[in-house]
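Across the two complexes that follow, chain A remains constant while its partner is chain B and subsequently chain C.
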Partner chain A sequence: MHKFKSKKSILLASITSIFLVLTGCTNNETASTSNESTEESANSITLSWPRDIGSLNPHVYNPSQLLTQSMVYEPLVSYEDGGEIQPHLAESWSISEDGLEYTFKLREGVKFTDGSPFNAEIVKKNFDAVLKNKSSHSWLGVINVLEEIKVVDEMTFKMILSEPYYPAIQDLALVRPVRFLGESGFPEDGDTSKGITEPVGTGPWVLEDYKKDEYATFARNPDYWGESPELEKVTIKIIPDAETRVLAFEKGELDLIYGEGAISMDSFNYLKETGDYQTASSNPVGTRTLLLNSTNEKLADLNVRLALQHGFDKAAMVEGITLGLEEKADNILSTNFPYTDIEVEPVDYNTEKAAAYLDEAGWKLPSGKTVREKEGQPLELEIMYDKTDPIQKAMSETLQAEWSAIGVKLNIKGEELTTQIERRKAGKFDVDFWYNYGAPYDPHSFINVVAEKGWGVSEAHSNLPMKAELDQQVQEALASTDETKRKELYGSILTTLQEQSVFVPISYIKKTVVYQNDVKEFIFPANRDEQPFNEIEKASN
Partner chain B sequence: MATYLIKRLLAIIPIVLFAIFLMFILIRLSPVDPAEAYLAAANIHPTEGLLAEKRQEFGLDQSLIVQYFQTVKNIVQLDFGNSYVTNTPVWQEVAARMPATIQLALSSILLAVIVSVPLGFLSAVYKNSLIDHFSRLLSYLGASIPQFWLGYILIFFFAVKLDLFPVEGRGTWQHFVLPSVTLSMALIAIYTRLLRASVLEELEEVYVLYARTRGIKEKAIMVKHVLRIAISPMLTGLGMNLGKLLTGTIIVEQVFSWPGFGRFFIEAIFNRDIPVIQSYVVLAACLFIVCNLIVDIVQLYLDPRISWKGRTEY
Partner chain C sequence: MISSIRVGAKSNWAIAICAVVLLVFFLVSILAPWIAPHDPIQVNLALKLSSPSWEYPLGTDHLGRCNLSRLLYGARVSLGFASLIFVASLGVGLLVGTIAGYRGGWIDLFLMRFCDGVMAFPNLVLVLGIVGLLGPGLWQVVLALMMVQWVYYARMIRGMVVSMKQQNFITAARISGSSTGKIIRRHLVPNVLPPILVMGTLEMGWAIMDISALSFLGLGIQPPTPEWGAMIQEGKNFIRSQPELMLYPGLMILLVVISFNVLGESLSERFGVKRRY
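== the complex of A and B ==
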């Protein structure tokens, strides 16, 4: 009996300790039900983000998030609609005739949140910190050609390049790595790649409260040099699961769901159809294209590539699969990017034309068979898609059905994303999905991969008869300092690509946003990575 | 007893080594290059130079054999390295997230015990009654409903529609309710049936009959004798499931945005953050072994019929 009692007390003790652990680690706040966020402050919004915001270091990548980096740190120049570059922390700039020397005049009266002034010295210090870690930024054109930063006077500095590179200015508009940390944020040795001491920026928002993996709250910067945001506070809740985001939004715990891929097309349409919320989609941020590998001997023939393009009902496919969230694309690059407004004749859906092209290429349909043949070989191709992407999968299946009607057998193969990239780079594919980079990277990043080997895109074009000429034009366009010449070159490059049909444009991808009815003035930023909070207002109830 | 314990503890070493070996092979079988996954997650367009640099930084440029022995050496020294993504020591990352996960696991166990002990017991005592049918239905549901789906359903009804609990996050006791219910449903399903079966078995024993003939009150027989013995297999099951529970929080943490270790692990898988994956596998392996060991010891204590000697041979 004695033994039994002691066992009982052990059980009791363990249950009590479990209780203690549970209650001890929770605090005594009351539950956050739906009213909480609205009561807290009428002039604030709460949105979800899939990942923790990271270290808020302007000069590093993972795990820092572009959205929050762009709230705290600002660029020299900003990327606006249509690819126009506007002064931001730099008031003006001039470029030497040889395209090697950029002189920037900085904006007066800008202060970091630690009170220190924004001037040429701190600009140099930031650039130096970035250059110290040059190799990790080598993907960015301007860093590769950047030789040095010279302080001219307090508010003027020079950026010296080793070779002319026209998109240098565009690259400075990016969210990272060229944005500016205040003096007190730097570690002692000035090497920000290992970490910063505090997130000190010039931007409109200041980090106020942060709990890793849970939330981050930003308050309006009271000393902001530019137009002050309407909202006082932006709270970012970290919600990794897309369905949970939608449920939290429906309950009213979130005011806004924003971010690429933050909400599934089904959920977006569901919320839209309820009529209880506001929804919007942006201008095209990129194009979904097919890549037809010209090094494949069947696809080396332009007639075959054209036949495939005529052989599917693009409009119906895009509408049906993306539920109207993407728009049928005729141009490889949508015309809201600089230099992309070229005359393009849309390739219509016409199976007769497709059949005629295939006949002309020598691919005939033997009687009694369903797949065309040439010299005993069947016209069989394989498309690879990212198996986690339901849209790519559905489109592959549609193409399989559509192309079988013109006598082309399409096999479909789902791959892991990285395997897909690997195969693309090795040129081991027939048909693939590809996306351009969007604002502010395009069109210069786009033409760069068309010419530069290593990505698989240039290689896929390598059987074009005018490939050498095309590469030459790309080099000239990237180095050109003459606006008219550059425009001409872009026109010529894009027209050739359009005619050659290695890229088959399918649809324009758009960003989506869902917000509650009391949120006003949501405007998509022109730069796809930039934060959208400066203009947002909240109607007072 | 000391020899037994030492033997059991020593057995951990080959098992963990084997777990490391398996994990090493499985990670390398994946076609995904961690360097490339890192750059993709950072929104950087990978160039050959960058990839080579990252591979070198991660030590992936060495031969597999060298990598393997390096891995074993580090783990044996309890050095899990730095996370590829956050560049901070994995230990630090794990330690920061473990409390949340442990809290959730404990609250689920507590809930499972509170529900399944009375339910299992009553459904055995009142066999084929309404409560027995109810417990059977609950067990079927608990065993067959996928956790993520149950999570969404609970959120939909109890957070969105009825507005009783928050949808996600952590901070107050209300935040515990839905994730704990989700996580404990499967446990409740198992333990209710387990307890019911073992209570029924005990009721057939002679000592029950004897106790009755002695005129002991039915209530006393049930609580003091039957339940006490019948609960033993359930305790075993509970202990064995502790490890499973901690690893089982992965899905629930994702659905409820619970800032625990499971969620961190999922992200690590997507990012091919090998040091984090390794630490998780090793920790999980140790957890399972230790839990089993504790269960064995507790059982020895509860049931003297199981001898130390007999156990050591096993």
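== the complex of A and C ==
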């Protein structure tokens, strides 16, 4: 700023550049609208996506996008509402008594888009490609225990595990890495981690046209084995900025805005209130949770944790900050996941109770002071939040105000997301925001991190008197082959966690969508990462 | 419009108006606890995003906090810390500038090359780097801004000291047996200060912009303390339904920075102070 001779030249320059940018944008947009109206057939939709779709390789992670990977590639089994597992590319399967051998019978008549048949050989080839890079998939339970894949006959294969792991089937419903690439897509050495030659899948959609960072067009797969989608074409436009997406939608360039966080809550409500568009929100996909770290000696006391939970008006906070788009949560895991339907006594907003708990814990309010003390130490805690997340920030400020009323001083620290995750993993925090993984990862991924060190959650629980017992139960539940036993274990684990209040559930996060009136039959997929396009119809006008 | 400012800047009117505006802002920031209608960090979600009323003259923000009170308290942060940066970097600059200018030789060479080094980087980049190292927080931002601003004062003061050193009154003082320290304190500093204060007026505007910019990026002041840049950042999420949440603090920054700049320019033209060297 000290480089310019005159401040006025800066002013002039900035005004000119603003105008240039503004006019540039409008020109672009009008140009593309006119293009589209000519080429757009009635039976297609256009939607926005915040970032490039990445490589359409079924076995890799970011920057590949789950949405487009799930359009081209399909799983052996699919995840449906309530955690029900349905046959997909596998027609049926059986599990051996000891839970170590899974035998899958594949669906007949499925073809890849290169014309090659889907059979046990290609399944093995895909699994082998994934196992070649085991380390990059180690977060996924089934890959860790997977020993080998055996081809039994043309349409049958066996999955051999090294130890029993009940969620194995559920893990196979994920979008990545266990989905299937056709023969001609493989590179010569069969190692897909370095790239594939072409995106050949069995799925309902085929990539038709693609320009990096601009758009991707998918056409309906004419030879799809299942029920053919209604739409002929799906165009995905890459628009990184949320407000630009809304403007493009209002201009009619987009039929649909979909995706988690793709639209701000303010804009969502604005579009909803105009009444000119359709809006919807999904079932809970995850829980926004506070993590009270029990390794902090103040928070090690259950009474303090309960006091904090009683000490803020959750309903008002959720309604006020998320503008009603999230729902107040009493359960740590929402009950639409398997095994999570437990009896929970909601923790009410009651500052008197909170004060009583703190008194009982020995934190007294000295006369003339506003912060409680014990043995000369003030009751002071720090909450960390992702500083790019406006909801976390607003909630931190609300908690600070509310807890100060019960004599707890809360300091607020905004962190870079990477720092926040580092601190969480190292267990170096007092209070943190945490989210569970959602369908189809939960509830097993959730209980896994409660026991498994290295993710911050187990660390936060480490001062619970029953921690060892809890870990034991988690191991048993994950290995259990008996449904009733498993249900019992889950019930016991979740009840203990609710009672111990290291997790403080705040709200259920929901996905949102906005679409034009001529788009029909939008249904949120049960799997939070799966594409929603198969059912959509477009009314011809 | 710009040329009319230039014409206007030459007149005493511009000086008077800007001075009054700034005086009002300074008064407001000092008196904020008494004139603000509400506690600026008091959250009341039941009243969030309410429209202006007698109780809340400018309405409330997304957490139901009084906008007017937050703006008034925000003035404290902006003006207070900008002044602090100004005084601190002036102090360092004065020390380094006079020593380098008066002593000359390799000390001068070393200090001035160091200043050149700092000046070679765009300021905001350097500040972002320092804040990145120290971690976010208002004091870190103040320290970082101070660390990059003092060099400009040092350069300018050194230039003035070098030319002043040749003049007769300094020689006279030296002949009559004054010590170096005394010459610097009694003869150099008083002569250097007035033009530097004029330059400082301009720098204040930049300091306010920088503090706001860094707070907007989430590096400066930490919530819930009200600050104009941070208020713009919070208002950004409600740009559709409540654009005024961004407009109020934006207008405040505009007004204060323009006042400082016009005042600084008018003063320097009037007193013939060269702003840059």
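Keep in mind that, in the parts below, the second predicted complex is superposed on the first by the 506 of 541 C-alpha atoms of A that agree within 3 Å, B and C clash if a C-alpha of one lies under 4 Å from a C-alpha of the other, contacts with A are read in each partner's own complex, and residues count from 1 in each chain.
The working rule: a residue touches a chain if its C-beta (ideal position, glycine included) is under 8 Å from a C-beta of that chain, and two chains touch if they have at least 3 such contacts.
Every value quoted in this text rests on a predicted model; they were computed, and no experiment measured them.
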item	value
Partner chain(s) touched by A:387 [first = chain B, second = chain C, both, neither]	second
Touched partner set for A:92, first chain B, second chain C, both or neither	neither
First, second, both or neither for A:51, with chain B first and chain C second	first
Greater chain A contact set [chain C / chain B]	B
Which superposed partner A:321 touches (first chain B, second chain C, both, neither)	second
A:243 touches, of chain B and chain C: first, second, both or neither?	both
Which superposed partner A:253 touches (first chain B, second chain C, both, neither)	first
Shared chain A surface residues [contacts with chain B and with chain C]	7, 243
Parts of chain C lying in touch with chain A, wherever the complex brings them together	2, 5-6, 41-43, 45-46, 48, 62-64, 119, 122-124, 136, 152, 206, 209-210, 218, 222-224, 234, 237-241, 261, 265, 276
Residue ranges of chain B in contact with chain A within the complex	30-33, 36-38, 40-50, 53, 85-86, 96-97, 99, 102-103, 106-107, 109-110, 152, 155-156, 159-160, 163-176, 228, 254-257, 259, 263-264, 266-267, 271, 302
Residues of chain A that touch chain B when the two form their complex	4, 7, 15, 18-19, 21-23, 25-34, 51, 54, 61-63, 66, 135-136, 138-139, 211-215, 237-241, 243-244, 247-248, 250-251, 253, 416-419, 421-422, 437, 445, 454-455, 529
Parts of chain A lying in touch with chain C, wherever the complex brings them together	1-3, 5, 7-8, 11-12, 243, 246, 264-267, 269-270, 313, 316-317, 319-321, 387-388, 390, 393-394, 396-398, 400-402, 412-414
